[in-house]
């Protein structure tokens, strides 16, 4: 049995509140059960030095966690003087995923930075961050269109992300922390709502995973992403 | 005239929501107008190396700001690899202020860390952080008493903090960002609700401040702290 | 047509030279075409602080690239003062992959560090590093058995890794740099020679990847890993 | 009784030697009892990037302490790789204080950096640094006027700084280290010689300070700054 | 007796393989016994900022050691976040030595960077690096001449380097690690093949060295450098 | 002609003031012309971790320069976050030189740290630092003997250091900055007063140095060190 009697193929309760930041060009607070991530999109009218005069824009992301977002307090990365390998891996993943559905040429020479800050963590923070960041990105694009800066929408795909895993021999959708920490295999899927693959990261922690199990996880992820996509649509 | 027609001696609307973190031993979200600070208290059963076997506890604080808490995005300190001088100054101030009203011997050899993370900034973040951190600290102490770890309350004073300033020649209470950026003098007062001074930091930005003006700022601060103290009491 | 007239499902020439380091407990130089990675295994009779007294061992990895391993010189990470996100991501991947086929309890409280240093880079450095690191790990384990430190072999799986990608609409095995830089999708597979999944990382760079294409990449990877496994066996 | 039988409202012996550096545009060595601070002013014909083309100049400060300036050796900040929070707080205070009496527009687009290096420390290093830095600044301005670079003096106020504190229940002027380490309250006053407030930092270490005591400290500080101002004048 | 029955004035076996890097403009792998150093020369068509528009070029070097180049594993400098004092000292020495035989004006405004990476270490890594770097530099210059970028050779001297030391009271040429760690005096000589001094670093570890002993070391070094020079010539 | 009409084999005026620090166990201010270095010796009753239980003591050194010790201001190393290669090279040299004349076993398990801080720089700061550090070391040892901690003196040699160089084709003793910056060859000699070699560092900047010239520099250095030795003796 899963915590709270959840079915093996059920998402946690998901709520996306938009417009939570008074300053950001796009923002939302995404809550997947007890995992809460604040996503803000910042539009800047310049690109990184290595992209100047390329005629293209850039979409990037940064990820952080408040020190007491977790059961026990984690050291503040600003205080320890560097971002952990895990943090860098996650923020690279978020940025790369979003870029896969944006026409950077159509965006023009400007940069959109997605800040994904975890307020509370209960498993699945990176996938919640991607799902929320896509919403914040769309809101920022809407703002650019309303302001007359952009004529058309450079975002050509809708994407969301979810984790799946094998826990106690069973495939489960959307692991929370207690499950995640015991999972034999942990996989994160970033998919478009129409079934395209943007990123798959599957990791067998304990022992290699049979291919059939992987297929089962993939099917769960497609179901989860379809549902997340409906929630995203409902708030835009 | 102040923004929103506020009187020169009026605080902004202040709301303190307690128990906002599912994991922290004490927590609150303090909102002073558009300045929102999340304050969590973490209890750890050990003290820094230099205090071991002293029979005393320790209270400390860390301060951070989400990158898009401000009108324009600020660089993430975790990414730039160090905390700014401003950040360090503020977190030292918060910790020092709280320690001035705690009997560290009565706390016993344990540490309480107050994390003050600014979700939105519109002036007065350090004073809001202190006012909120005191609430989070009290909640953590209550928890320690309920758990039977502590027999009595080591916090012997109630404190709150507020900024005042001279703007356009007039003394004003609780400056918001727009006012703060034009202030001739900026002062932060950390006071106990019964009028004791815990910390005063007054800075003349433009030209030296006559002593009479300082007295006027001090009077405003006492009024503000008294009102903040009532709000603190109402949520505990 | 691929460079050098290679078939779409052919590996580059692979050579693994073992015993290249006079000091390391296990070592090899793996050459996959123009990608050359030196892998050394170091055995240390202690584990990281957080594992002490757990009765378990640890396997970890570090990855580096000589500044002129690439077409244009890259800045030395020791000189820039930090390892890039990419480097950290890769070394975490190598360590995690190897641990998935090692019984850490049977290893006992000791640590094996795999240093994977890229002498020349022409695409696929991380997968070459994993394939080579597994060989160096086995050689170090053999040494531990010969020395009488271990009674039995804690490595219960044989693994290798290979990259695949979609280039110009076609699926290809074992991309070299020129192909990799133009790939629409890039995927790295860490598999056991008997078909188990250890890690999959598939990234659509340009646009989402249809599921059928992913299946094709997976099939290529299985073929490649089987061949790499034969080469590994032949040198042990 | 105070050390050396000093009266509660007496400064330590103060000596300011000017022109101690053969290279700096202005310099002095200020000795307040056993606290010795070397202050040099460097004029550079450019301003920080964020001030360019503003038509204004900049005055800033850096603070350091030789490792064996103190009773026991302190770790060298250059070796530990960062300036402590205390160091940053102090150098920000020195720069801010000086800017409060300088017309930055009249200074023109150039920067004056005050380096305050503590050769020996016996309490009150930050206030001695401010008092000495003001002298070094004036000497550099005199040099700019003699060189014909400036027509008139952009420094419109004379300032000095002194610490006061409550020790053993009594208010005292100009604390030395032994007193400072036992003080219930510690306050630093940066004032102009004609009584204007530039910066006040009052900190109750142990328990909140009654307002009357604060007034007493303030009166002592005014007396001390007046005397320091006379010494400054005598060496210019 | 020396290890391997080597005469006190004999070099270890020296082999220099050129053209080992497929990308670098010049490269060699130098093997002095068990000390192996990979030297690559990178030509870049710009100079450091402080040399721009000087009409001169620049030659510089970086030095590194693979973590398991040594008997016991050393911490990776990229991971510890800084280059050790020893590393910096060595790379400064290599660059300075090479510049002493290059006409920087004749080189033109371009930079040549020599990366010297120690693959295996058995004493004398810095001297092997210099001897190899000179070869890599010459090969890069030859390439610039072949490409028509340079008309004539700006390298006006041929240099090599060797260590000598007093071990057990006897002067010896080209110390290996076992000897080096017991040496009373350790000296590194960078000389031109026609007897000019480029750099001498002699260090008495245990007790001051009589001048006569220094002369003996110097004579050994001249002999060693002459032989190294012949080997250099034979591979160019 | 040299500046100030100095003879080619004459030292600048040298003054060594001892006991300048009220806290350090040994201290002096050494002035060689306009080069002034403050040297303090700190005795600590423990050794670095890697020496514990070796029965031996340790002597080490740190070197720093005040930002405006030089003609133009240099960036503060504490602020830039690391010590330069030059600084590390110098402080390693100072420590190594002193250890060559100390019986570390006789010192016992304690550490003496020599802090050499350059107050003014006019060439020859590292050699002045060594000459002064030896005096501060001896004073600290005298203190340890007076305190009864040590029975006998573990310093078995007297050393001093001086720079020499070839400027405009002529060998000169004790270069000042103006000469140093034009020198064809720069050499630093650390010698005992009875002629033993502790460290020689000779660097040809422009073109290789003939051996005869080196002999001439050596002779000058011996003369200079003998004179410095007399001055050291006169102040102890």
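Residue numbering begins at 1 within each chain, and the chains themselves are lettered A, B, C, D, E and F in the order written.
Throughout what follows, a contact is a pair of C-beta atoms (placed from the backbone, for glycine too) under 8 Å apart; a residue touches a chain by one contact, two chains touch by 3 or more.
It should be emphasised that the depicted structure is a prediction, and the values quoted were computed from it without experimental measurement.
Note on connectivity: the fewest chain-to-chain touch steps from chain C to chain F number 2.
Counting steps between touching chains, the shortest path from chain B to chain F takes 2.
Sharing over half of its contact pairs with A-B by residue number, the repeated interface among C-E, B-D or E-F is C-E.
Seen from the Cα centre of chain D, the chain whose own Cα centre is farthest off is C.
Superposing the C-alpha atoms of chain B onto chain C requires a rotation of 120 degrees, rounded to the nearest 5.
Chain centres here are Cα means. That of chain D falls 51 Å from that of chain E. Separation between the centroids of chain C and chain D, computed from CA atoms only, is 59 Å. A separation of 33 Å divides the Cα centre of chain D from that of chain F.
Within chain D, residues 81-82 each touch two or more of the remaining chains. Listing every chain once round the ring, from chain A with chain C next, yields A, C, E, F, D, B.
Contacts from chain A toward chain C in the complex involve residues 82, 85-86, 88-89, 91-92, 96, 100-101, 156-157, 159, 185, 191-192, 195-211, 214, 218. Taken in their complex, chain A has these residues touching chain B: 21-24, 27, 34, 38, 40, 42, 44, 62, 64, 66-73, 76-79, 81-83, 87, 113, 115, 117, 119-120.
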